[in-house]
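Take a look at the structures below.
Both complexes below contain chain A, partnered by chain B and then by chain C.
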Partner chain A sequence: MGLISRGFTGRRREGAEDLPPGQYLTHDFPVLAAGPTQRVPTDDWKFTITTETGARHEWDWAAFTALPRDEVTVDLHCVTRWSKLHTDWEGVSLDTLLADVETSAHYALVESYGGYTTNLPLEDLTDGQAWVAFRYDGEDLDPEHGGPARLLVPHLYLWKSAKWVRGITLSDHDEPGFWESVGYHNYGDPWREQRYWE
Partner chain B sequence: MTDDPHGETHLDGNAAAGTLAELFTFDVTVAVGRCAGCGRVSTVADTRSYLDGPGMVVRCTGCDSVLLRVVSSPERTWLDLRGLAYLEVDHVTEG
Partner chain C sequence: MSWRVARVSGLRDETPSARTLVLDVEDWPGHVAGQHVDIRLTAADGYTATRSYSIASAPDVERVEVTVERLDDGEVSPYLTRDVIVGDQLEVRGPIGGWFVWRPEEEAPVQLVGGGSGFVPLMSMVRTHAARSSSAPVRLVYSVRAPDAVLYAGELARPPGHVQVTYAYTRAVPEGWPDRPRRVDAELLAAATWPADRRPRSYVCGPTGFVEAVADLLVAAGHDPRTVRTERFGPTGGTR
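Up next, the complex of A and B:
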């Protein structure tokens, strides 16, 4: 006797249960551009963390790639409404990069080659929430997707995961970045659908 | 579509006309602007526009600096012109 019915649960679309509100699932990896693709040779690449006192911590490519690296599988949510699930990355955790950085700052301004910036609270970069990623899907990260290295902060909309990242400036005050200064939400939590200025 | 030395594909400023026409009552592509970055003076048509991002970005052909940005939500539009030192618009004359 058929006591168990699936009829009341409805039929869910593939992956819909894993998507933030207003997002659709995509399987390719769209490239969004606010300017020309930066092509930074790793010989010239540097990553710098500058604290609120002006202290600088700098890595060249050799020093950066010698750091302990994480392999992570994360979901990406772009504010233009596509989401891509279970993406595989390799990168250095911001916890590792910040380990020897003395700071009491609350805010971070992320800066990229090419002039792009994005801002977020420093606490969103720590505790295993953010990486400077340099490999995607088992290969070196393409310049189109932000290589040689990009920020990866998957719990916020993807514009926060700055491509071609070159440094982070820590500060006591919050400074809106490239999109945050012209209509996009200052924080950008996809699960609360924080797309635009409120 | 224009190829630049970086192998990029972008459009010229005429591609920005549709979005900008929703904001300005004049044809902004024939307006003349000065880049706040390098000082280059050109028509808005003679720029590089990037339409594939979260918003529209118009950049200087000379130095790649951002001249203007437009972000639209379903309810409103934001326009950032800080990259333009000025914008010169001819009066429309009869005749």
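Up next, the complex of A and C:
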């Protein structure tokens, strides 16, 4: 136990027992990004998966939105300590996008319009754990929240769910992304409270 | 990154709802302007609550100042702004953040745009600029509800380091102010900020709606989005 704060009782908020350590519940949807909101017209939008051999798999908006889509309800956990439960998304599973991709790579570097990057093990993108999402709460995804499409990897802190996603590069080596290069945890599991590099 | 014990060595009321805590931190490693710290409170039964607060001071050996805005429905900020007394001990972890930072070695013009308590990390930049006698030219736009909500008003009245300060009062203006209450808009930014061709580095911090609006206006005015660094917080989210 840490140092006791004289006279502090705290408030043990509603639902806190279902949240990862150090998180509190919010009902609105805060916006966090390191720079201005990107606005990418769907006419110009492309999503590319590049393998460790340089092979490219590319979808434009029409091809992407013609793929089978999942409707998922997931909890979001932001490293700035808010959590939002039971959010409804539609998107294309990474299992679908990776179905015809031949790779033996272990790592993925996710890239966004505007230059943002984030890294994660490829195994965290497969087996129904990740989507490229383009609808939220029954509507097209707003640019503030990452539209036209964002990565959605809800079992990791939300900075891994890159907004304005444009592609994924698969590699045999792990390359730190944007926040991972400036002090945030390389993996980012909210249940193990992996916020920062030790 | 480990928790350190901090002793509260001073308290300053900045506005009716914001207080600065001066913390003496054991083995404090120093910070860069724009970074924040986590503060952890622990109740007698072991329950803990942690929040992040921006650092307001310039880098110093073992002293760090944070300014906390009281949120009436908050869990941590009422304790820090009302209950804490000099001599209390708190736990802090940090410094945290490596993107929304300004280093005094950087020579490019600096554009600061703060809204409400989002001004706090920008004040650390203003103070660092002065403390290190930086030659980088700095302009500041500070959007604030009313004159009595201005943080560090006395210090900003004689801005250190020749910083050019422009206020935008959104609800109430000082007596004799030549303008009505207004939000930061394209016209104000055109008059008060560096033009895009000076290639400034811009730092925009405040509530989400404010940051969205200002960042969009800067991009529309020709600023390269990669030069516009933002930090946002909502009523419940973000770093406060």
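Going forward, the second predicted complex is superposed on the first by the 185 of 198 C-alpha atoms of A that agree within 3 Å, B and C clash if a C-alpha of one lies under 4 Å from a C-alpha of the other, contacts with A are read in each partner's own complex, and residues count from 1 in each chain.
Here is the rule we go by: a contact is a pair of C-beta atoms (placed from the backbone, for glycine too) under 8 Å apart; a residue touches a chain by one contact, two chains touch by 3 or more.
Predicted model only: the values in this text are computed from it and were never measured.
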Query: After lining up the shared chain so the two structures overlap, which partner does A:Thr73 touch, if you call chain B first and chain C second: first, second, both or neither?
result: neither
Query: In the superposed model, does chain B or chain C contact more residues of chain A?
result: C
Touched partner set for A:Gly35, first chain B, second chain C, both or neither: both
Message: Output check: A:Trp197 vs chain B and chain C. Expected answer is one of first, second, both, neither. What do you get?
response: both
Message: If we overlay the two complexes on their shared chain A, which of chain B and chain C does A:Gly115 touch? Say first, second, both or neither.
response: both
- request: In the overlay, answer first, second, both or neither for which of chain B and chain C A:Trp159 touches.
  value: first
Query: Which partner does A:Thr53 contact after superposing on A: first (chain B), second (chain C), both, neither?
result: neither
Message: Under the stated touch criterion, which partner chain does A:Ser104 make contact with: chain B (first), chain C (second), both, or neither?
response: neither
Query: Common interface residues of chain A with chain B and chain C?
result: 31-37, 78, 80, 114-115, 178-179, 181-183, 196-197
Statement: The answer for chain C against chain A in the complex is residues 1, 3, 5, 40-44, 46-52, 75, 79, 83, 88-91, 96-100, 208, 212, 215-216, 218-219, 225-226, 228-230, 232-239
Statement: Residue set of chain B touching chain A in the complex reads 4, 6-8, 10, 50, 52-55, 57, 59, 64-66, 69-73, 75-80
In the complex with chain C, residue positions of chain A that touch it: 1-13, 22, 24, 26-28, 30-38, 78, 80-82, 114-115, 144, 178-179, 181-183, 196-198
- request: Could you please specify the touching residues of chain A with respect to chain B in the complex?
  value: 31-37, 39, 78-80, 114-115, 159, 178-179, 181-184, 195-197
